[in-house]
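One structure is given here, and the rest of the page talks about it.
Going by the order they are written in, the chains are A, B and C; count residues from 1 in each one.
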């Protein structure tokens, strides 16, 4: 570097500059590598959490899609059922079918002598089994006084035991089962009198205190009605508000105030909306608790800011040249909006709205406030029937002590996630279509 | 005719008014060829007629439905025996409930005093009169207005301008719903809170160290005196939020930096949506995960090291909440980092700074206001988060900074106090609204500051 | 001359550079450079020397590749993923694109000033001190103060800002900002300064100041400047290189290029027939 001597000022610095730079280089590159590693670690941490969360839910919940059934020889004994006229539907309806199950159980396991032992024995079969028997007799009255083999719903303790058993008896989760009950179940297993079938009950019935009879249909219907109310209210209002703010609103204090309000509302905790619903809709307007109508109203207010914000973004993305072109042809402002702006921004608005609705579908806290936590067995038929929703059902079940409810909770979560993922995927597809257009 | 029937009729009348108005406009203009003489297209005349006919009728319908119950009940109360009128508010409410039940069932099987039966009959009578009157009023108003608007159609009428004005007003009303919602929130929590502060002094609530909202059932119960000191709740909320932020801020920020500065487009398109899935998972699912997987795991691990970890530890709730907030922070920071102009990166790289030096010393300082705003929003979200803490945190109001112990939070208490049946006027129930008010004010302040900071930041680089 | 319009009459694929592209005292020498953005070729077989303490101006119509070429000289194009570079770049004897050549160290020797002034959102002092700090050039606070002061003095900014060194660099006027960026660049003590249209965002008075500054800096530094303005090239440079559609058409003494260009494309450009 001697040839640099012709540069008087640089001379003082240059030789030392490169030495200094080179001296520090290794250290600086180590810092660079470390920094990059932190970034990768952060991402891996996030992804790992996602994977752990999903595998945990699936591993806990997948077994709920199968349900244990027990094969029993049941005699439709007319005397036990107290049916003297097979053509009388009343008699068939009120007959005591659980007595048939009990008789069949006693017949198979004669070692159940004491009252307590017998009660344990009867406990192995779900009390839902009698409905199955009634239905089959209603369908086919000729069964009366016949003996047939039927697959009956097992109790949740049996279900848990059988599912956790695997090949080795020692692995099984015994729980509340007494040794004698375990012995009986083992007899069934040896006789191949027990098997797992697809759990249709889970998808076709409402809530129940008995895990083996509990299903999510009621909660799904409740979610559907609640979401319907939310969609019908929040989408048109949200779009209208967005149109006003983007196309009409003058730049003044009122508009600023509305904007600030909307942005703030979007970040207000959801439980506050629950308090609003409780105080206004239930306290002031005296609506009933647990209604999808009220839930939908609350969720609409909660979703509205999200929809307004995304709709505004969609309207903003319509090029001004299109408005100018329409205005130049003599169209009025309303015509420009209805004929051009709205159709062009609709995919964007729908994308934002669907994401908002997915959030509403997964929301729990505000619905707890307005009483959608009640234990409701019946499947709601409309927006004014008391009901619960899927996330609240998950919350309720997760609190239940029975082990069989854990797998059902996880299964319900899987169903909920499936809905959410479908909705979000749809939104993403819509967004991609939109992006291709401009 | 019931209300929904009337609604349908009003809508049919509107449709009729539309067609009549349109037809009248064409006739006035002198047939299809004369449309040019009209001020606006015939459709606008039709729409205007429909609006004139429909809006007042629907307004009357709505007001009637809202107020007729109240008026009828007032009449019933007037006619009750004086002894009943002197009853306290709650007793009177019970009485009226009985009346309403009997009126609904139409049954005399219920044993009731004669004056109650009489009142029930009177209630049914008044209801049917009201319903009938409503039908007549609606029909008359709708028909009258339809006729009026039909007569007003002429070539000079600026139908389009009027319709557009109505359109604009409707849009403005929709936009103001956000303001009404905020007002609704404020009023719904403030009135109950004022009632609460009448029985519990404000300072005892804000600075009290004891929280046990259960009023004494037995005289010898300890802590059953109904202590409403909210400090343990705020402390618990802060503890869990701090744990969550300790997880979420570094992870979210570093993930955002890596994704926007280092990752190839391919990695970004896969990882970004994957992280966003975490944000889309409902909080009840996180709550389940925290309560049934993380908390037992922490307890077992803790006991392996000889630590006693509560099965409702603040740590479990905080950890899971932190994971939930990671994508929130990462997507906000991502936006903010991408808003930093490329020229600053070039400037720093051109001087020979390494990539990480550029990020640490130029990009992050430049993006700092935006990042801080995002973190504030995340804190507000952590404070207001409900389901995770309801399911994974405890109910006991411990004043502790030990994350292994169980604490409770503001949101947990709101839920516990308000879920299920409750007497509306006990301090226990009202305290939930006071907590709600505090929660609303705190989050509102955080959000306002955050949104302002972020807005300022964005304007700087626009 | 219409029938001879060079744009129409000449097939530019077979052009070779005319004039004097090479220098006896080359500080930087580039040979047979080809640059591609994905599939598109932006630079076609360009060879050029920048002599020591020389100011070389690069001119040409928009999109002719002059900025791309400049950015390749301190590997700023490394940040663009789709960019691929072929050819030989040398800073004195060192191969700039050699796998062992450290890009950070390279940029400490070859500084760059960008088109739009881009001061960091920090104080004036911190802006200038940034480079020395990241490279660890100052062993003490006094050292750093001295570097900052000399750099600002040499950038002709010292008198205007010495009383408000802690004020934000972004608060200066456009011309001052650009001089701050130049001060920031020379604070690292580079041997070569690349300037990418440094005056295009400035008003005429600020431009005049920067041009003066370039003349002064050329005493100590080797400078390559891309410019849109032919007048500027004429005022500040000793040699001028004319680029056209990714090719280097002509390199000659600035005077010769503007008074008596060898190539008709150059002539067409400087007489304003396209550009």
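Please note the rule applied: a residue touches a chain if its C-beta (ideal position, glycine included) is under 8 Å from a C-beta of that chain, and two chains touch if they have at least 3 such contacts.
Since we're looking at a predicted model, the values are computed, not measured.
Undergrad: Draw the chains as points, connect those that touch, then say whether the picture is a line, ring, star, complete or other.
TA: Topology of touching chains reads as complete, every chain touching all others.
Undergrad: For the chain pair with the highest number of C-beta contact pairs, give its two chain identifiers.
TA: Of all chain pairs, the one joined by the most C-beta contacts is A-B.
Undergrad: So how far apart, in whole Å, are subunit A and subunit C when each is placed at the average of its C-alpha atoms?
TA: Chain centres of subunit A and subunit C, defined by C-alpha means, are spaced 60 Å apart.
Undergrad: Distance between subunit A and subunit B based on Cα centroids, please, to the nearest Å.
TA: 20
Undergrad: What are the residue numbers in subunit A that touch two or more other chains?
TA: Residue numbers touching two or more other chains: 21, 28.
Undergrad: So which bits of subunit C are touching at least two other chains?
TA: In subunit C, the residues touching two or more other chains are 104-105, 108, 134-135, 188.
Undergrad: Indicate the residues of subunit B shared as contacts by at least two other chains.
TA: Each of 352, 354, 357 in subunit B touches at least two other chains.
Undergrad: What does subunit C use to touch subunit B in their complex?
TA: Touching subunit B from subunit C are residues 74, 76, 79, 81, 104-108, 111-114, 116, 118-122, 130-131, 133-135, 181, 184-185, 188.
Undergrad: Please name which positions on subunit B make contact with subunit C in the complex.
TA: So the residues of subunit B touching subunit C come out as 264, 341, 343-354, 357, 361-362, 365-366.
Undergrad: Considering the complex alone, what residue numbers of subunit B touch subunit A?
TA: Result: residues 160, 163-164, 167-168, 170-172, 174-179, 181-182, 184-185, 187-189, 191-192, 250-255, 257-259, 261-262, 271, 273-275, 277-278, 280-289, 291-293, 323, 326-327, 330, 352, 354-357, 359-360, 377, 380-381, 383-387, 390-391, 411, 414-415, 418-420, 424, 432-433, 436, 439-440, 443-444, 447-448, 450-451 of subunit B touch subunit A.
Undergrad: Which subunit C residues qualify as touching subunit A in the complex?
TA: 52-53, 102, 104-105, 108-109, 134-137, 154, 188-189, 191, 219-221
Undergrad: Per the contact definition, I'd like the list of subunit A residues that touch subunit C in the complex.
TA: Residues 3-4, 6-10, 13-14, 16-18, 20-25, 28.
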